[in-house]
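The chains carry the letters A, B, C and D, assigned in the order they are written, with residues numbered from 1 in each.
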Amino acid sequence: MSLEYTSGEMMTVTAARALENGTTCFVGIGLPSEAANLARLTHAPDVVLIYESGTLQTRPEVLPLSIGDGELCESALTTVSVPEMFRYWLQGGKINVGFLGTAQIDRYCNLNTTLIGDYKAPKVRLPGGGGAPEIATNAGEVFITLKHSPRAFVRDVDFITTLGFGRDGKGRDNVPNIGRGPTRVISDLCVMKPDPEDHELTVVSLHPGVTREQVQEATGWDIRFADNLESTPEPSDRELEVLRELKARTERAHAGQ
Amino acid sequence: MAEILSLHDAVARYVEDGATVAMEGFTHLIPVAAGHEIIRQGRRDLTLIRMTPDLVYDQLIGAGCAKKVIFSWGGNPGVGSLHRLRDAVEKGWPHQIEILEHSHAAMACAFEAGAAGLPLAVLRGYVGSELPSVNEQIKFIECPFTGERLAAVPSVRPDVSIVHAQKADRAGNVVVEGIIGVQKEAVLAAKHSIVTVEEIVDDLDTHPNACVIPGWAIDAIAVAEKGSLPSYAHGYYPRDNRFYKEWDAISRDRDAFTRWIEDNVIHSIGRHSTDGAQSGGSVQ
Amino acid sequence: MAEILSLHDAVARYVEDGATVAMEGFTHLIPVAAGHEIIRQGRRDLTLIRMTPDLVYDQLIGAGCAKKVIFSWGGNPGVGSLHRLRDAVEKGWPHQIEILEHSHAAMACAFEAGAAGLPLAVLRGYVGSELPSVNEQIKFIECPFTGERLAAVPSVRPDVSIVHAQKADRAGNVVVEGIIGVQKEAVLAAKHSIVTVEEIVDDLDTHPNACVIPGWAIDAIAVAEKGSLPSYAHGYYPRDNRFYKEWDAISRDRDAFTRWIEDNVIHSIGRHSTDGAQSGGSVQ
Amino acid sequence: MSLEYTSGEMMTVTAARALENGTTCFVGIGLPSEAANLARLTHAPDVVLIYESGTLQTRPEVLPLSIGDGELCESALTTVSVPEMFRYWLQGGKINVGFLGTAQIDRYCNLNTTLIGDYKAPKVRLPGGGGAPEIATNAGEVFITLKHSPRAFVRDVDFITTLGFGRDGKGRDNVPNIGRGPTRVISDLCVMKPDPEDHELTVVSLHPGVTREQVQEATGWDIRFADNLESTPEPSDRELEVLRELKARTERAHAGQ
């Protein structure tokens, strides 16, 4: 542990570590994609990465800018149509982990990527649901990664684009054929998990040097801390080196275009 | 049976004011040249369908062609927002547009159902999402065998679908390769279809299970070299990631946007671009 | 994750008495060697699913493995009847079997729905047919958007699906090429799956949109060289049309059939056939 | 017209002539396949032949023995999965003509390929419906070809596998999104069409040398004859030559295997 690292790197490394080798992972673009590829290049060489563009089991050399970069197809085992991707692979139950980012998340892990404000007269119109609504319900479980801020971590999202555990924490109760939902949220400050009883998001691990107060300040509700609050293990030198090489390769590749 | 037309003539014949138009291509093979031709021809009141409206729909919306957008994710992939889409939705510029939004899974199934000639698509979707509260086209049915509640959405059946592909042969048979998205479904679901291609070849030279759309299922083929830029064409040219980033600045400002459309779309016929931003000028 | 097993071990592990088994391959790539292995292992009370039961299902039925057959066309393609199927249905030899019959369109959709994890398939089917009067699994639903009456059938979700393919790589990824039928759907719809292959190679060497089934979606891979004969494997060997015709005579007579099974299936392990009729003997 | 010909050849040539150039035709195996390929090799070079095995726009050199012979795939524009074939191409409305054979047909053009006798205790178990039930309702129109005999042409089929016009001739009335149904039936004796009013099968053309009595004897009900009964044009030498070459090539190819 000799290398210095940023809170962003801490977040990515921690998110990457969540992915077990051999898992099939439906990967969102951006932070989830960065974490999933870091996992593949470090402890999880046989993690299967699937992007909604239809690329099955892809091994990109550099991070894709878009969900459908050519690199994803060229390095994939095969590429299927988008209807097939959503029908056979996601809804068909072949995905262990859906790895998502979001604009807003609330205390019951509901995600909002639709809009800020009122639906009819939005203050900010966001891109929309994309694949997330069905990734969150059809994958075996869901990991979420995003940066901590009071605008991102809100008590109640303005709009539930994607189900966490609903407005009351009970949104998955008695629903047949649904995945376990969010099992962990990784930010640049900490790791959170839904409480096993009422599903309220609870900090289970603080990143090194981060205080409870910092997490609370960056969260839009009174966030709970686990009784046995842990300290997130630091990134290893190898993880940092691989991540930095990946990002440098990516930057070079995209600048060239 | 596909007729080989100029892009101008194909758009003039099949894209009418007020039409429902699906322009597909999932990040890859986006029919940008065709979108520019629609802007040049000044079409109005279009209902634009697309899973992932990106730059070309931002341009169509900003240029005032759209009445309504049906979509599931509207952003500049990897960069951020679509500022023209946001300006129309948030501030009504150049005029207010209607939006109808779905999830990807639902739209993909709706294209599939359209291609399959069905009126509806059934999926295990929208569970716990609030999208059904703002989109009355999302309904739920009960499985007659298991009693499970499943989502149903109307199939997509556009007046005209437009896609871009690598190549066609002289009979108008088209091969799409790489990330194939919902292009085939879009063509088969539509009343009419236009496929722009990089080139016309004597022999498609494909493998037995290639994604080939027969010429008799297409209305018009138009050559549009680099017709997908700044998107890309597998085997022909890469994505112009830089332009996607540049678009963020161009599209934030109404005047900058209008100038860009003037310079790169309206007055671009017959010109070739060097920066990859322009396209649609190299037709024929 | 696919394990590479002997055909004997794959069948012993995944095909249990009483199981629902789909062996697919639409004329092409029929998993005949695997069917023979099931006969050799003496499995009983199987519910056999297949769009087009042909010789291998005739053999399984005649050998007493089947309790029920779910199908949409049961014949000897281009030749005539399946005499063992008929003898079981018409005269109860070797015992009475249940049949449940569909149309091809419904079964194809039911496999598709099974792969898609849905409990039902919806199609515009069975209009005016009397099949719904003899198959209570055919129901009708009303489209919530148009009011149209559409057929619904339960999806196919076998305990185990078995298909044959050209090749697998060492990670168990499989490529199917040519007439691909419902093989991929059968594998994805099943709780467990066995894929027999002509060979295992270092590199699948496919094109970007090939029909590839990833190893992690398969339970067992077993090498079965010429495992599809008398059916064929595109790129490997042709269909043995002559044997299909010969089967007509062999299968008409109970004794001739029983002798043939004894000689060519039960006692054939390790032997290679010269007439193309036998298969399943060359496995490891 | 110098060559002699058989009644079977007369049937095939007449069936072939029914197919217009440029038509998309969903082809049944056996007699329909023979006729459709003869059409392609004579007056209809651009007829598009589609077999339910997934082979789109196929141009086999020899007639396939089965619906999925390798030749069909090798000579096809492309080959799709069987679910796609039935969903996108047939149900999707891309087929102009479905060309079917049958074991039994009745006066309202209903087809039986399921069984003779009672469903629970059949006298003869036939192969079943296969693609026919949906070909007959989802194709623009349907041509049927089979040999004339009182066992094949029955007043009422034992079982309606595939809709013609129903038990009362009104089976397509007011049904939305359905094709026109059978528009002609070609046998070795004559050509029949459903009456435009009540849909009862009516002889419109007798093959050369065939009498009304022969047709009636080979038909299991009192069959109608059109007022303006025509004589079917004879096969041309070229049609007979092409057909005979096709069959000879086919025999050589299949004998070799």
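Keep in mind that, in the parts below, a contact is a pair of C-beta atoms (placed from the backbone, for glycine too) under 8 Å apart; a residue touches a chain by one contact, two chains touch by 3 or more.
Given the structure is predicted, the values throughout are model-derived calculations rather than measurements.
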| item | value |
| --- | --- |
| Touching both subunit A and subunit D (chains) | B, C |
| CA centroid of subunit A to CA centroid of subunit C, Å | 40 |
| Inter-centroid spacing, subunit D versus subunit C (mean Cα positions, whole Å) | 28 |
| Subunit B: positions in contact with at least two other chains | 112, 117-118, 123-124, 148, 178, 180, 184-185, 208-211, 234 |
| Set of subunit D residues in contact with two or more other chains | 73, 79-80, 87, 91, 138, 177 |
| Chain contact topology (line, ring, star, complete or other) | other |
| In contact (per the touch rule at the top): chain pairs | A-B, A-C, B-C, B-D, C-D |
| Touch list for subunit A against partner subunit C, complex | 22, 24, 48, 56-57, 73-74, 76-80, 87-88, 91-94, 138, 177 |
| Complex interface listing, subunit B residues touching subunit D | 1, 112, 115-118, 173, 184-185, 188-189, 206, 208-212, 214, 216-217 |
| Subunit D - residues contacting subunit C, complex | 29-30, 52-55, 64-70, 72-73, 79-83, 85-87, 90-91, 110, 114, 119, 122-134, 137-138, 159-163, 166, 171-172, 175-178, 254-255, 257 |
| List of subunit B residues in touch with subunit A within their complex | 26-28, 51-52, 71-75, 77-79, 81-82, 85-86, 89-90, 101-106, 108-109, 111-112, 123-131, 134, 148, 178-182, 184-185, 211, 232, 234, 238-242, 244 |
| For the subunit C and subunit B complex, residues of the former touching the latter | 117-120, 122-124, 137, 139, 141, 143-146, 148, 150, 152, 154, 177-178, 180, 207-211, 234 |
